[in-house]
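Everything on this sheet refers to the single structure shown next.
Every chain is named by a letter (A, B, C and D) in the order it is written, and numbering of its residues begins at 1.
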Amino acid sequence: MALAFDRDELTAYLAEVFPQVRDDFVIDALAEDHLTLRLRTSERHLRPGGTVSGPSMFALADCAVYAMVLARVGRQALAVTTGCSMDFMRKPEGGADMLGRCRLLKLGRTLAVGDVLLYSEGAEKPVARATMTYSIPPAGSAAARAG
Amino acid sequence: MALAFDRDELTAYLAEVFPQVRDDFVIDALAEDHLTLRLRTSERHLRPGGTVSGPSMFALADCAVYAMVLARVGRQALAVTTGCSMDFMRKPEGGADMLGRCRLLKLGRTLAVGDVLLYSEGAEKPVARATMTYSIPPAGSAAARAG
Amino acid sequence: MALAFDRDELTAYLAEVFPQVRDDFVIDALAEDHLTLRLRTSERHLRPGGTVSGPSMFALADCAVYAMVLARVGRQALAVTTGCSMDFMRKPEGGADMLGRCRLLKLGRTLAVGDVLLYSEGAEKPVARATMTYSIPPAGSAAARAG
Amino acid sequence: MALAFDRDELTAYLAEVFPQVRDDFVIDALAEDHLTLRLRTSERHLRPGGTVSGPSMFALADCAVYAMVLARVGRQALAVTTGCSMDFMRKPEGGADMLGRCRLLKLGRTLAVGDVLLYSEGAEKPVARATMTYSIPPAGSAAARAG
């Protein structure tokens, strides 16, 4: 299946629908079922001791799969996070950006699933893993309008 | 088993070890294996449309179980989040505080598990559920020193 | 909301749609949003050393939420497991039945969520916890026919 | 890090410690941090309609990560499943074997994490995904003896 956006169009569309994270995230790479999202780590993403906070890692994983789904379904549709599982495996490095490498595992009519490995840039082993599930409300439904 | 802190002591200890969230969270109630944590919802926790963001809900759940574990293990020990699962079930109300009602399910020597129901204050049905798992490094171990 | 079945009707309906587990499970209690399912532990549910196997605990949790959903949606609808998270917290006792205490957290038009605490009968603390999510295909849809 | 067993040795060791699944599973491939486990699908793994049951998929994922961990830690150590998350994405084919492709994400002193994609043999898209976490009790501890 083709992408509905290229990387520049997706960047612009995310900034439009999700303005509050525009400065935090950069789409590094986009392919048919892969996307790499960069968290530009700054002071507000850190915990004392200098590691990236759990909520910032959640936001990176969530936004990576969300962007991947939008890249495929385009402007018509909405996607609402319904589920998440994460495992935190190593300590992130506070001085480095964090990369979320997303793999789209399923894009159905009403349900999407993607998983993400999160890396401190330059490190070989993942800091965390996440799976995010999205509900895609039918266009025109109450949930879609409310989205 | 007894609590290592009462509510005021736990509030003070959290502010000490976790200063960056001091203004966001209030411990509403504390018992041997239950704790209610309040997210004082403000602009920075919201998404456009006025709903509480996913990362803010993650932070509420994580902090609720973390505080519950600290209330039991006291000053000696550390706790590091190792896993999380969440289900987002209803739309939160942006104008209301959010309450995380935590139940401690297991507190072992090295592993703790708690689950949390998240409510918009005043609403009857939960907005989300979460389970958080924590590793409790042995006092004096490298992980504990690094924590 | 009312139940579509009482306990005897639900027992009969489960035996009809799910005959292969008829001998394993008994509905101990049913209320509007709670259900207790008993696993009649026998040799084939055990691991060496006499503990109940992980797949048997998965089956108990899955079947408990499935039965709870059917009790509410009745004969018209189908439910397909889409997600699961479990935490295994204590060693189950092989000589005892296992009870799954399910709480229905959400029953939407297309999505249901329930969680389950699993106990060895007679023990006070839970052996495991689970959350199961179900997709409820619209009646007459391809997924429902295929279900 | 090196493997403690090759494929034949691991097959023999699994049959020794886990005899009840000897006829169900075959190790198709083993590398330093990957393992493919085959479920030889037979009548007892199926649901009416001919799809592979949820508990059988859970068992495949659990056994794949367990075998991967044993392949690395060898005879000294034990591993106890502590957590699991799964997403069921497509209908498995009842007539085909199922393959679990495991990737070891972390192997720490006390905690291991692996994820698994589950495929019906011959199909391109995964039926399900799973993440399993294991606790590795210190040799000689009570948990290890009880394991």
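Note that in this section a contact is a pair of C-beta atoms (placed from the backbone, for glycine too) under 8 Å apart; a residue touches a chain by one contact, two chains touch by 3 or more.
Source: prediction; values computed, not measured.
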Select, from B-D and A-B, the pair of chains that is joined by more C-beta pairs in contact. A-B
Once you find the CA centre of subunit A and the CA centre of subunit D, what distance in Å lies between them? 28
Please report how many Å separate the Cα centroid of subunit A from that of subunit B, as a whole number. 24
Between subunit B and subunit D, the Cα-mean centres are separated in Å by 32
In subunit C, residues with contacts to at least two other chains: 82-83, 85, 87, 89, 133
Select the category (line, ring, star, complete, other) that matches the graph of chains linked by touching. complete
Going by the contact rule at the top, pick out the subunit C residues touching subunit D in the complex. 18-20, 47-49, 53-56, 58-59, 62, 80-89, 91, 146-147
Residues of subunit A defined as touching subunit D within the complex: 83, 85, 87, 89-90, 105-106, 108, 113, 115, 117, 125-126, 129, 131, 133
Any idea which subunit A residues touch subunit C in the complex? 82-83, 85, 110-111, 133, 135
